[in-house]
Amino acid sequence: MYVAVKGGERAIDNAHALLAERRRGNRDVAELTVEQIRNQLPLAVDRVMTEGSVYDPELAALALKQASGDAVEAIFLLRAYRTTLPRFGYSEPLNTETMQIERRISGTFKDLPGGQTLGATYDYTHRLLDFALLAEGETPPSLETDSAPLEPCPRVLELLNSEGLIEQSPKNDERPRDITREPVDYPAERAVRLQNLVRGDEGFLLSLSYASMRGYGDSHPFAGEIRSGQVTVELVPEELGFPVVIGEIVLTECEMVNQFHGSKTEPPQFTRGYGVSFGYNERKAMTVALMERALRADELGEAVNFPTQDQEFVLSHTDCVSANGFVSHLKLPHYVDFQSELEMIRRLRREAGKQENNAPASAVEEKTV
Amino acid sequence: MSASTAPVETAARQHWMAVLARADSAQLDTRWQALNLQPEYQFIRQPEIGLTMLRGRVGGSGSPFNMGEMTLTRCALRLTCGTLGVAYIAGRNKQHALTAALVDALLQDGSYHDRLQSELIEPLAAIYKKNCAARDAKTRATQVQFFTMVRGED
Amino acid sequence: MTSLQTLSSQASSLKTVDASLLIAGFENPVAQCQQAFRQLLSATSEPGTLQTMVATDAQPAGLNTASWSLALSLFDADCTVWLSPVLAAQPALVSNLLFHCQTRLVEHADEADFALCNADELDTLQPFSFGSAEYPATSTSLILQVPALSDECSLSAGSGWTLTGPGIKFSRHLCVAGLQDSLQQELIHSRNRFPCGIDCFFTCDHTLVALPRSTQLSIDQPIDQPTDQHSAQES
């Protein structure tokens, strides 16, 4: 139960002013621009775009600045802004096979058409703090380039497909349900699960993926392919009737390969889990792929023994805006709620005290709190 | 297509619309200003900012799913001769969408086509290509060249 | 649910756009859509009152000003629209709906979130969706273009109604010209199906009147009834 409480207006105004001052920090230090955040904290920007579910690096950078770098608050801001914009239809399904590759690796095949391309990665860094970055001034790294054209990079898992050793992704052109327009019903179809996971909280999905590999699930996959790069976005305007390019976005895509022991109708083969994220967020794409596969247990006739395989448990708790909202609501006044509980505890103790007083063996004296 | 305009080949229009969409807003504006064209037009749709839902495919090639949205600006206008120009541009730059719609309309007009093609579309396409090649060259330098260490006697 | 339609039907709907027929939409889309929506809210919350809708310079042939304003403010890529045969045969109307609203046009009226129709074309509500007990809001909203509308019983060929129900203090008069008798009977009897039902929006020129499913209507008797004078004088 909530009651309206007045009198906080001045305090709130001043709290907002104080927040703005703290966000700005020491005024002897130059102010951070949105453009600097966008350029120099791109992975934070990518996370806000992915979970905010809006691809717009400038808006995500602005949200980060406004939220003092708090990713969950920034995601909330972007989600809120999103609701003010009209929707101009749907893009054509993105063709990630023709992605302009900036990174492409496989954990399943060493030699593969198109090769293994590392791109800009933290993977082989030593994780030693680089005190050169602490010092002012910069020395641009000497960058080697190789102007030979990149070879086409076909999907790695298609290599297994030629032998029929991996399941095919079912393909139809049904309009996928949109969870921002229709509520989720369980069991949810694959398109709905994937949309939910892509905008889900990275930390939550990372931990669930970890759990599902450590034994609280039945999953220890291979990273069949991870690729990042520029993907062309096209849509078909009604007045033109043909697809037009509207620009490029950066995507990271991951396909996991799991073993599958077969069923009455299917021979033993590999199955897939698919994940994607905006920007260069590889960890997120991998966790989406892991959880996407874990949630297929039911569909593939595997035993659902763990929460990591339970659609309703996972999908209804992925959203950081919902989760944050529900936890944060505890900060709202619950004065009346709490008064009633306080009253009840006092009453119970009074009654318990009376019984003890009535009992001849009891010598405990109780005072009302 | 409007009656006053010669039919334009779809592939050609798709090409210039893609170049206009991919162009850097500032570079497009500079080149457009330099052309010093002031065509008269009427808005059919004022430049407006919205979202489009991006669709991906499960497994990259399977059934479609909704991935998340992106910002998009669109504009449609009609020149006094009747030609319709439209633009759909990623991001939130209304001026970019307006200029692109104007250029799209004028490119359908035989008397402006060649000049716009050579002074605007071709240079912008070249810049895009150069940027892609530069990115590719950096990427390619990070490609792993495996060699196998021979071990044992065999 | 309408979601399981094929992707291809969205790009190439029933009809295609003829670019030469496109006309300008709202000059200031955000403000004017909000204004139109506000007028729609007023119309629906006070059933039977006449609202003069925000207008564009021109509207596509086949639509009156109020219908076009409703279309521009309500229709989008996520809703389905059914057009009556006469309206569906108007290329300018179809082109501008597809262009400005990205509406998905449907062939079957029961799949439609909105139906646009002329009064003389409609003799029954049966083809439309009345919604389900679980989701009554999924019913079709009917926008019906009529030859005349009045809140006084002065139209010679009109259906004179007395309206009562939510949003009406006592009762209100409404006169809608051009409705077929069978449709009128169905409108009256369909009230029994509440919460399922069809929300109707009558449009004529710039004027909009709403008749939500919650409003009871009876055909006017010659005897004077206490009326809500204040709103009857609104125009």
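Should a chain be cited, it is by its letter among A, B and C, assigned in written order, with residues numbered from 1 in that chain.
In this section, contacts are C-beta pairs under 8 Å (C-beta built on N, C-alpha and C of every residue); 3 or more make two chains touch, one makes a residue touch a chain.
Remember, predicted model here, so these are calculated numbers, not experimental data.
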Chain contact topology (line, ring, star, complete or other): complete
Top chain pair, ranked by number of contacting C-beta pairs: A-B
Whole-Å gap separating subunit A and subunit B, where each centre is the average of the chain's CA atoms: 30
Distance between chain centroids, defined by C-alpha means - subunit B, subunit C (Å): 39
Of all residues in subunit C, the ones touching two or more other chains: 7, 19, 22, 99
In subunit B, residues with contacts to at least two other chains: 48, 64, 76, 84
Set of subunit A residues in contact with two or more other chains: 86-90, 93, 173-178, 239-240
Touching residues on subunit B, where the partner in the complex is subunit A: 10, 13-14, 17-18, 21-22, 48-72, 74, 76, 84, 86, 88-92, 132-144, 146
Residues of subunit A that touch subunit B when the two form their complex: 49-50, 53-56, 58-59, 82, 85-94, 96-97, 100-103, 110-111, 115-120, 143-150, 155, 157, 168-180, 190-192, 194-195, 198-199, 230, 233, 235, 237, 239-240, 242-249, 253, 255, 272, 274, 276, 278
Subunit C to subunit A touching residues, read off their complex: 1, 3-8, 10-13, 16-17, 19, 22, 76-78, 95, 98-99, 102
Contact set on subunit A toward subunit C in their complex: 86-90, 93, 173-178, 181-182, 236, 238-241
Subunit C partner contacts - residues on subunit B that touch it in the complex: 1-3, 42-46, 48, 64, 76, 78, 82, 84
